[in-house]
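Structures incoming, each one as structure tokens.
Shared between the two complexes below is subunit A, which has subunit B as its partner in the first and subunit C in the second.
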Partner chain A sequence: MEQANPLHPDGESKGGVLAHLERLETQVSRSHKQSEELQSMQAQEGALGTKIHKLRRLRDELRAAVWHRRASVKACIANVEPNQTVEINEQEALEEKLENVKAILQAYHFTGLSGKLTSQGVCVCISTAFEGNLLDSYFVDLVIQKPLRIHHHSVPVFIPLEEIAAKYLQTNIQHFLFSLCEYLNAYSGRKYQADRLQSDFAALLTGPLQRNPLCNLLSFTYKLDPGGQSFPFCARLLYKDLTATLPTDVTVTCQGVEASSTSWEEQRASHETLFCTKPLHQVFASFARKGEKLDMSLVS
Partner chain B sequence: MDAELAEVRALQAEIAALRRACEDPPAPWEEKSRVQKSFQAIHQFNLEGWKSSKDLKNQLGHLESELSFLSTLTGINIRNHSKQTEDLTSTEMTEKSIRKVLQRHRLSGNCHMVTFQLEFQILEIQNKERLSSAVTDLNIIMEPTECSELSEFVSRAEERKDLFMFFRSLHFFVEWFEYRKRTFKHLKEKYPDAVYLSEGPSSCSMEIRSASRPGFELVIVWRIQIDEDGKVFPRLDLLTKVPQRALELDKNRAIETAPLSFRTLVGLLGIEAALESLIKSLCAEENN
Partner chain C sequence: MDETVAEFIKRTILKIPMNELTTILKAWDFLSENQLQTVNFRQRKESVVQHLIHLCEEKRASISDAALLDIIYMQFHQHQKVWDVFQMSKGPGEDVDLFDMKQFKNSFKKILQRALKNVTVSFRETEENAVWIRIAWGTQYTKPNQYKPTYVVYYSQTPYAFTSSSMLRRNTPLLGQALTIASKHHQIVKMDLRSRYLDSLKAIVFKQYNQTYETHNSTTPLQERSLGLDINLETKFKSGLNGSILAEREEPLRCLIKFSSPHLLEALKSLAPAGIADAPLSPLLTCIPNKRMNYFKIRDK
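This part shows the complex of A and B:
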């Protein structure tokens, strides 16, 4: 068939019409197709779009949820920390204060007078010392009642505790305690001197040191020069004042031939003075030093 | 459409990641450790529990009341105490089971109007038989420094390294000091026109004058002394100031012997009564 030109008016018009119709048909089906495709594409696009919308919404929700979670944790930490920190700081402050108070309580021991509260009153601890040497401690357990009374104590029996208590315990407890301190410290000091004499200067003693429990009456014999001197000195020390560590009455005697000579007399008198003014063991320490000097002079 | 598909894929990936983030522990590294730390602390705190804080408070309260009781009991108020310990044990000593420790203490406080600051060292030597402790150094700073009697006493205590004597004597000194002050004040209140405390009630002197006896003056000097042994005792002296004319008239030499007689009077009547009798004797005319 010859090609028909649609625009050609006659001629093969029959073939042309069919062709035309065919062509139209194709066109329609094509556009149908196209519109279908378009539709489906549109439909597809619509679905995607919705999907995207949905996904976007979901993502936003999740983001918000995560942020919220993080924020709440932060807030949690922020909330939790300061409170607990405050409590912990309080505890640390308490502990520090406690340490401080304990240290101060310990310090009272250095005043010579310290104590602990008991269920009925107080247990007072009296510490003694002599020339810096810390010696024994004694305790007095007081019951706080009217009248104040001593429950029990470790004060030696020869210390006049009842006397002191009778004078001061009810009216002036401080005076009672410090007075007792005086007696106990003096006793401790005398005892210390006597002990040191016995232990450190036994070589100069020619006999045993005689002493009473209160250590306020001492009697002993000694030689300055154990080898050379023929007769020993006899010393008697009496400490009338029980609150003192130095004797009130000292007698030094020397028997024997040399006793009458002036040099011995001088020595005897000087010894008496020494015993009255210096602690016992220090006097003997000076004797020992003199003895050393003498020895040295003999050698040289 | 490709762009949209790409977006879809991207969104899906993000969502997946966000989902994972929701399930895992949320904190980044620093937050984690901070949380851990505070949790640790909280845990420990809770371990010890509320109880311990209450315990601490109870303990502190108990000790504080013990402290205030001691302070009242001794009259000595210690406010601060610090200590350092130094181990001086040498290897030689350790072999012989000897231990040597040096403690350095610093303490401060007050006993009524006197404040003190002490620094001292204590050497502790522990051998098999016993423990010996000795004060090896003592430094005392005291205020007020005007009390000259106190400064002598302080040097003696430092020399002797006698801590206990220091506190004992301090206590007795302050007791006497307060008693003197009270007595002077009391007499001033009772006889305002006769008693004069020109240096205040804390000083050691009191003057007795009478308006009706101008030119006459009795001065009581009341010192508080501390002897070698740390014993505290009062020492009273009477000084007289009389007009020349009165001295001439004094045939019995009463004025000359007054100081001695006063001492005897104090011994007989006690301090307060003796002082009062002196006041009355000078102002006798007024009372009549």
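This part shows the complex of A and C:
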């Protein structure tokens, strides 16, 4: 088609019709577009609509599921609660058993001899006691090799551990342990008596207590009546049996004028017997009681 | 107060570091509290010493007082000496050891005095059932030399005594005799064990472990104590290299190899992993706690 210039006088009428046609064409295409757009928008709207439907459905399903769950859990709890308490009881029972076993193991300590396995052997613990009083504990760490060996120990250096080990360790370990127990318990007992004498009856002693590491030689001076008596008694206690807590030899002397008199001699002899037969602190306890009786008699 | 005593006390006090002075003087317990309070310890050391000597003169210090001060100084400075270990033994079927400290001291002193006439013997007991003995040696004709004493630490009712290595070696047999007889033993033997650190020697000899026993719940293993020891090897020099002057001699060179460390056993354990020594390490280097030796003589096979 000829291009029409609307301002040209010749193509005026043609321009007019063509232009009109053109205008109508664009109108149509515009309206097509618009209807396309409208359609696509409608389609989109439709799609979104379906999506909304789907989501709503999903929400409802989930809600229903949650309800269902809750209901069933409630029912479960109602059913399961008695079982759960049973579990708790079992756990408590086990813990109780464990505590019992631990207590038993600790109690073994009180039998005097206990032990535990180590990476290299066994560590034996000897707990000493005297007259129902629990005293010091000592341990011996044994390495199980050939020959059986003592790795570490806390036995005091003056206890003849090496001698006892030389005699029994390789051949009869039970004998070794019991022998060591004997020595340690006896040493603990002698030490206990000496300590008690120093701490509880210092008032009756007229000088320091002489003692040696094994507490198997004790030497002291004492007065029954610290105020009245002029000369003290001198006592010398020898414990030649290292597995015993009573002395094997006792000598009591008394210097001074009174020594020759029979009453003092009787006293001296009776003291010797006392020291031989009763633990040291008990002898002094009886001295203290007699002293009290004397005081009472003076008052009345 | 004797001039020699004054001089000896002066030299002893001069050795004491200022920060230890009051502690040691208190342990000595010779000068009274009142006397000590009159001393201005912030002065120059010479002035402090002068004042202290004056106080000692006032109290008429004797040689035994001076000797006691010397023992206390040595107790605080044990590592200044090298200590040997002696082990005593009783005869078979011997009586139980009824150790009497008084008897021991008297007997020990008497034996030395009978032999030498001029000797100063002093004792100081410790809480650990040990007694420190100081011996200043003289002869029949000369007074005791207070500046070269021997110290002995004896653990009563055990077979062990530790002595400071003395330059006066001729007195060692007499010392051994005195120790043995006074403690009622039969024999005395010097162990191949020596060190500056008494604690290390005690750990080896007594195999003691001071920690309290843990309860059944504890699973930690007992650890080796760190031992500040030396290992001494007496040996002859042999060299793998050809043409070594030291090895190719008519008589191979005798030498003493000394391994020294504050934590010797740990250091030795690390030699093999570090590639310095072949594993396993020679038992000579690891047997110290078991064999209780740290002085070895290697002889030719």
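We adopt the following convention: the second predicted complex is superposed on the first by the 195 of 300 C-alpha atoms of A that agree within 3 Å, B and C clash if a C-alpha of one lies under 4 Å from a C-alpha of the other, contacts with A are read in each partner's own complex, and residues count from 1 in each chain.
Here, contacts are C-beta pairs under 8 Å (C-beta built on N, C-alpha and C of every residue); 3 or more make two chains touch, one makes a residue touch a chain.
These numbers come from a predicted model, not from an experiment.
Colleague: In this superposition, which partner touches a larger number of subunit A residues, subunit B or subunit C?
Modeller: B
Colleague: Does the superposition put A:18 against subunit B (first), subunit C (second), both, or neither?
Modeller: Touch partners of A:18: none, neither subunit B nor subunit C.
Colleague: Per the contact definition in the header, classify A:217: touching subunit B only (first), subunit C only (second), both, or neither.
Modeller: second
Colleague: Please work out whether A:91 is in contact with subunit B alone, subunit C alone, both, or neither, and reply first, second, both or neither.
Modeller: First partner only, subunit B.
Colleague: Have a look at where A:119 lands relative to subunit B and subunit C in the superposition and call it first, second, both or neither.
Modeller: Touch partner of A:119: subunit C, not subunit B.
Colleague: Is A:153 in contact with subunit B, with subunit C, with both, or with neither (first, second, both, neither)?
Modeller: second
Colleague: Based on the superposed arrangement, let me know which partner A:28 touches: subunit B (first), subunit C (second), both, or neither?
Modeller: A:28 sits against neither subunit B nor subunit C.
Colleague: Between subunit B (first) and subunit C (second), which, if any, makes contact with A:242: first, second, both or neither?
Modeller: After superposition on chain A, A:242 lies in contact with subunit C alone.
Colleague: Do any residues of subunit A touch both subunit B and subunit C, and if so, which are they?
Modeller: Of subunit A, residues 102, 105-106, 114, 116 contact subunit B in one complex and subunit C in the other.
Colleague: Could you list, by residue number, the parts of subunit A that touch subunit C in their complex?
Modeller: 102, 105-106, 114, 116, 118-119, 123, 125, 137-139, 141, 149-155, 157-158, 210, 212-214, 216-217, 219, 238, 240-242
Colleague: Flag every residue of subunit C that touches subunit A in the complex, lowest number first.
Modeller: Subunit C reaches subunit A through residues 95-102, 129, 155-158, 160, 206-213, 215-216, 221-222, 290.
Colleague: Would you pull the subunit B residues touching subunit A in the complex into a rising list?
Modeller: 1, 4-5, 7-8, 11-12, 14-15, 18-19, 21-22, 26-27, 31, 34-35, 38, 41-42, 45, 52-53, 56-57, 59-60, 62-67, 69-70, 73-76, 78-83, 105, 107, 118, 120, 122, 132-136, 138, 160-165, 167-168, 171-172, 175, 229, 231
Colleague: In their complex, what parts of subunit A are in touch with subunit B?
Modeller: Interface residues on subunit A, with respect to subunit B: 41, 44-45, 48-49, 51-52, 55-56, 58-59, 62-63, 65-66, 69-70, 73-74, 77, 80-81, 84-85, 87-88, 90-91, 94-95, 97-98, 101-108, 110-117, 122, 124, 127-129, 131-134, 173-175, 177-178, 181-182, 185, 243-246.
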